[in-house]
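Okay, so chain A shows up in both of these, paired with chain B first and chain C after.
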Partner chain A sequence: MSNENTPLLEMKNISKDFFGNQVLTDINLSLQEGEVIGLVGENGAGKSTLMRILFGADMIRETGGYGGEIRLNGEPVNFSSPFDAIAAGIGMVHQEFSLIPGFTTKENILLNREPKKGNIASVLFGDRLDIVNRPAMDDQAKKAIEMMGVEIDRNMIISDMPVGHKQFTEIARELSKENLKLLILDEPTAVLTEREAEALLESIRGMSRRGIAVIFITHRLQEILAVCNRVVVMRDGFVVHESPAQDTNVPEITRWMVGREVKTVAASDGQTKDKEGETILKVEKLWVDMPGEIVRNVNLEVKEGEIFGIGGLAGQGKLGIPNGIMGLYQAGGRVTFEGKEIPLNSPRKCLDASFAFVSEDRRGVGLLLDESLEWNVAFPAMQIQNRFLKPALGGLIRFRDEKAIQEITQKYIDELAIKCTSSRQKARELSGGNQQKVCLAKAFALSPRLLFVSEPTRGIDVGAKALVLEALKQFNRENHVTIVIVSSELEELRTSCDRIAIVSGGKVAGILPASSSVEEFGTLMLSQVR
Partner chain B sequence: MNETVTVKEKGSISGFVKSFGLPRLIIAAFLIVLLILSPFVGADLPSQITNIIARFSWNGILVLSMVPMVHSGCGLNFGLPLGIISGLLGATLSIEFGFTGGLSFVVAILIATPFALLLGSIYGWLLNRIKGGEMMIATYVGFSSVSFMCMMWLILPYKSPTMVWGLSGKGLRTTISLEGYYNQVLADFLRISIGKLTIPVGTLLFFAILALAIWAFLRTKTGTAMTAVGSNPSFARAAGINVDKIRLLSVIMSTWLGAVGILVYEQGFGFIQLYMAPFYMALPAVSAILIGGASVNKASITNVIIGTILFQGIVTMTPTVMNNLIKMDMSEVIRIIVSQGMILYALTRKTEVSK
Partner chain C sequence: MSKNSTVRKRGSLAAFLRHSSVPIMFIIICAICIPLSGLSPSYLVNEIVTRMGRNSFLIISLLIPIMAGMGLNFGMTLGAMAGEIGLILVSDWQIIGIPGMVLAMILSIPFSILLGLFCGKMLNKARGREMIASYIMSFFINGVYQLVVLYLMGSVIPIKHSSIKLPRGYGIRNTVSLLSMRQKLDNLIPLTIKGVKIPVATFLVVLVLCLFIVWFRRTKLGQDMRAVGQDMEVARDSGINVDRTRIISIVISTILAGFGMVIYLQNMGNIATYSSHSQIGMFCIATLLVGGASVDKASIGNVFLGVILFHLMFIVAPRAGAAITGDSMIGEYFRVFVSYAVITLALIMYETNKRKTKILEGERLKLEQMEEEAK
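So, the complex of A and B:
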């Protein structure tokens, strides 16, 4: 069916929006048999969404499907589930492992596709009663593993394996499918050691020789250049650049990845407040054990009254910094605020030192979803500063001051334009953007001296984004509160902050004024990726 | 997107059913039918109502003891036997020390308190180590503590002749009469009798005071923290709350209320029941609060009151009416079906709460 000119895969004019929020626009991508393309882009650029569309993921259909056309070997296809995609010869290795921990490698590799032997029972009652053909299974698993060119134990139980081997098991599972034509690898090297990554790249080359096309997603640009035929760069839901790998280099890709239409003024409000304030917060040798966001050794100084940005790619440790300082994850090192050392691993001590934190995990940490907005806004201030309490029985006990709580909540509902039916509405019922505003209100109600805001605009729509950032800037201006914003969106940091630290590999790769060029930031972001 | 999600349809029938909860409505309707039916099958209505009120007054505090733990997210207190054992220790020791009459009740509470604090602390410490599996572990704590005390009741050197076995002179009896001790001390206080209808005002007042205390507590700073811990422990931790401490406090409160609850139960019932008896106290209390509209992580005083009335109403009325109808003693069977069935039902609807 496939002749020389028909590409194995063609994606034409793919577009996708989540409830009016455009995440992919007019994507065109084609792939020849045996070709390896590297797909790169910042977090949120739309890489994963694009791959999900290709793989027929349920969440795409549940959120209204996609626009455009996908052709496989020239035939238009529309996968209604990942099973269809698998049947059509597409394999995908996800960032998160989908392996059964208690099974051996070979059992995982051939799960539900085990070679079988018939017996009397299966003749009588159907093939569900076939017996698993262990030797054949061993054979097939061995073949799949050999295809990768690495040594892993076929009989080892998954839960006993190092992460790298788990990753290889996933890949072997895809390779063992005989009709595999296209393999999607979503950041497979993130968990591998250098040597293992090397082996993986080698096995990608091997696949390519055998005619399997590979879409390789990674943040490690060197790997892309080493193994791919072509590099596709995505940004903000567009394919912004596409070129053969040998014609490009890391700085160029970086520029394409982060650089928007280069704006002349990026600094906050156009007025670069060159704040020569006192150092208010000093972080020395901070390490934080936050799963997926490990901080290894961070040294920072934040000046009084500034908005300090912390950026970097996902998984490099930027989120670990505020979470560690606020005591939500195990941390070590030295944090000094206004000359006084703040003990780590105690949220209470930080809050007492008039810190406040808006967590990136809005629904998990940030909100009492089943309680009213009033509770959400007033709770920390009540617990930490004994506010919103009124004495009863001559001061013997103090009850919640429902009226004061309602007043302050109403005040923030008006100020931040929180859309709700009343201050007694449950937080769960608000939209993401409004929930985020409630989180801000909660932090504002604490009247902090230093405010950490983590991913303030994650998962909220454009309008709410602007409002949230404006509210933060206003809070900084009017109350002279020092704010530390941690965000994956560089552009957001560049428009809101005075200085921006880029975290890479759990360390601060550099601190630049917000007006620095995107290339400089991009270089820092990728400098120590591990 | 956010508005109109739960605009309450007040006034409309469906809105009422939704806010009151269909199962509660069915049970309430069933209870009313039973009450209407009872005179026709030859049961005496005023004494039935007396019975329901009396049973409510005995059980109210035991059901109330669920509230603190539910609020702090420790789930339903299947470990109630632990509190009951503290109460039983208080009761037996008070008698052993020779206190009589109303004083023996006060002393029983005083002695039970340190036991409740101690056992509650250990129980709370345990529950803090197995977050997520509280209710299952609580059940086993209940089981094992009852079994352990079965041995202790025999071994402990009690001497009071009213309590020990007559022949051997040692080991506590399974049932100890409270005649001459604190039998009906609360109930007799301000008791109202109209014909066959009697209302144990004192017991109801005692329940009201404790219920009011819990209600008030939940409105203090610590009480608010307790509710927040139950609602979202991560949120509470980020707000500087010591989650484990709050949970421990809630478990101690629940255990103490269980101890007081069993003493109140005994004063109404007239007997101390030892050995396997505490074993059978947790499930009725759990099902009562669930019938009352609570869930495993939300409960209010209203849930306690409505639930206890409905549950005790059903378990007293159903057997009477049924027995009169079919001339056969079915009371225990029906009681078990109702209480176990309610728990099963309630655990399947984890988060929905009716006010």
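So, the complex of A and C:
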């Protein structure tokens, strides 16, 4: 029994940077046969990147590979595609479903691995003309489902299924692969009901008994404690804590996760003064059908002149709130601004009510990538408020006021320190951070009364981050504009906002002043995760 | 599959009516026009049976690309051209009857494969816009076809018989007579029931094709095509070669369309060299849609229902039109007009149905919230 000592999986000194932006540093992780480890960490802690490296994702190679070594059963491996990883016995259940909607459960479980029967045509023209052996398929699917230990209907069409069963179909698909040794589950319980989640945990225990090792990523910490042998906590690209599950508890893990225990509370530049303004925006019973960010029954009140933060883990619905209010996704409920009701599902009405929105989808929604900065900055103001236009022929036609446009663009280029060759450069050619600044300039140019900013610092470097946040604060101070910032980064919200609402499971789990402790926020974030 | 998805929809009767609104509309049109036209039932049955033999094969060639998610595909027009080239060559070589037809089909295969590969490659680059891309491509390839038939045949490609050559010495005449193989397949096994002539052999060929389609759906390749048709990303992640699968579906479609064109033209008895293929794609697609197919779903049943309804309308509409207005041209006008209308309607309905499903999702969320509040 030599493999008593050789771990099934060893990851040594793994590091990864995306074009100089270090996301993983010196990660060591080892895993025995049949062992279950829980991997936890905030969004952006590097869990997904680490798993992608292990699974041989294309995206890792395209961005320059990784440092360190991965050993499987003592043998060094370097997967050049997920298919290699699968062949080596690694299975992964992703957060997004990878299922064919019109196929039955069993067809999906055995997708592209269908049992086949040969015939004359396939001898002549190749094995793709083999007949799919449906009875054998039924058998194999049945076996995989039994192995999982959760009953699902193997003849049901996927699109008719409750979402939990889709998740189980994916797991059964991995289990139907005979050489499976290691299964990565990326937040599998996020879409499950409580009872389904319990069934899944039982199923994980079963896998472990059969010798399949499991890496279990979840935000529900109780589950980790219930099923895992070991807990690994990641933060900012480091493994910050590793301990046997029985030696730890939820508050401790939470503390490790949100961390920064040495730092003292950094509230809004020390100006913790409560802004006792009038309520300017009132949101009641809001629901938003934004795929992956569903919002359920949200009630909020934002006061005039404050910076209001909305935080929470990814996929919990925080992004759905501004997108729903601004009419980009189907929504319902009541939104009142300065006592007037704002109709939902109508972006134009929101803009007319002098809302502005800086979208998290910079390149898709935020910018006209192939147009100049001038156009990008002035276009919405021109379109919505008829500014930067000169009347001609007694107002019959209006021309663009190129000079005014250039002036305002130049003003923002200077104020926000946008690095560009001129105000006529194309938006596509700028770096991510500078594109984000252009998005802000565009929103500022609208002179809004209420500004929504969604993930303002996503994917931009530290220097630009500080500048963007400072610009927002300044805009709020000088123009008395109410700002709602939605961000995954709690620290950023705590330094910029007056009050922060934490969204969990599509609902507001609580609203705290920015000076509250990290643990309080952490507890709220995980409170209703679904 | 279709059964399951209909059951799923709540208020299934309303959903059924919405989904089959096109066939229902045609049944109503026919029901009004038949008595007005004053045509006898035996005449109508005779005509429908003839047209079913003539058109079914061509329309069935559309099914496989739909299965592979490439929508209503005008790529079949390319196959039709290949079939015509086969027939032109065979009639010059004076090979007559069934052997001529078989040879023409065999000759069409290499052309169909070549054109199918080209079309498939192009459509892989124009994902999501296959219908319009293939439509425009059929015009482009029509130009290439004209170059070959109008200039190269007789000058580069030897054409012996002056009966099909233009007087100037090269190029093919506007009409090529297929008298030697006219309805040879239809009459191979003669059968007349109560005055209705039934093209038994043609029907047998169509039956074989139907069996092929049913068999093909059960193959691994068919399974892959259905997977690719529903979600390309997921199919790719599971290791299916998506691009190749899509190209194969187009190649199969062009080959079948080539065969179908030979069958179509043997029934007609002549080739209109420069126009036979030009509207065939549109009429086939319209027929399929009238049979209740949609952009992403079509079955053999849709083909036959479509042929019956669409052609019944063609036969009775001119007479009915003449009876009402006194002008028989109204029928021809009606035919083209209705074809375009049907295709437009089907495309719009496809999009609105997609949007409706999305809105339903939102409604579900709203209901959930209300239920929660009631607790």
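The definition used in the following text is that the second predicted complex is superposed on the first by the 495 of 530 C-alpha atoms of A that agree within 3 Å, B and C clash if a C-alpha of one lies under 4 Å from a C-alpha of the other, contacts with A are read in each partner's own complex, and residues count from 1 in each chain.
We take it that contacts are C-beta pairs under 8 Å (C-beta built on N, C-alpha and C of every residue); 3 or more make two chains touch, one makes a residue touch a chain.
Remember, it's a predicted structure, so these values are computed and weren't measured experimentally.
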Touching A:A87 in the superposition: chain B (first), chain C (second), both, neither?
neither
A:V163 contacts which: chain B (first), chain C (second), both, neither?
neither
Tell me the contact category for A:S98 with respect to chain B and chain C: first, second, both or neither.
second
Using the touch definition from the top, say if A:R400 reaches chain B (first), chain C (second), both or neither.
first
For A:G364 in the superposed arrangement: first (chain B), second (chain C), both or neither?
first
Classify the contacts of A:Q383 with the two partner chains as first (chain B alone), second (chain C alone), both, or neither.
first
If we overlay the two complexes on their shared chain A, which of chain B and chain C does A:V123 touch? Say first, second, both or neither.
neither
Seen from chain C, its contact residues with chain A in the complex are 1, 4-5, 8, 215, 218-224, 226-227, 230-231, 233-235, 237-240, 358-359, 361-362, 365-366, 368-369, 372-373
Within their complex, state which residues of chain A touch chain B.
19, 326, 328, 347-348, 350-352, 357, 359, 361, 364-371, 375, 379-380, 382-384, 386, 389, 397-400, 419-421, 425-426, 429-431, 434
Spell out the part of chain A that touches chain C in their complex, as residue ranges.
82-83, 98-103, 107, 111-114, 116, 121-122, 127-132, 157, 159-160, 285, 287, 289, 294, 296-297, 330-332
Touching residues (chain side chain B, partner chain A) in the complex:
1-3, 5-7, 216, 219-221, 224-225, 227-228, 231-232, 234-235, 237-242, 298, 351
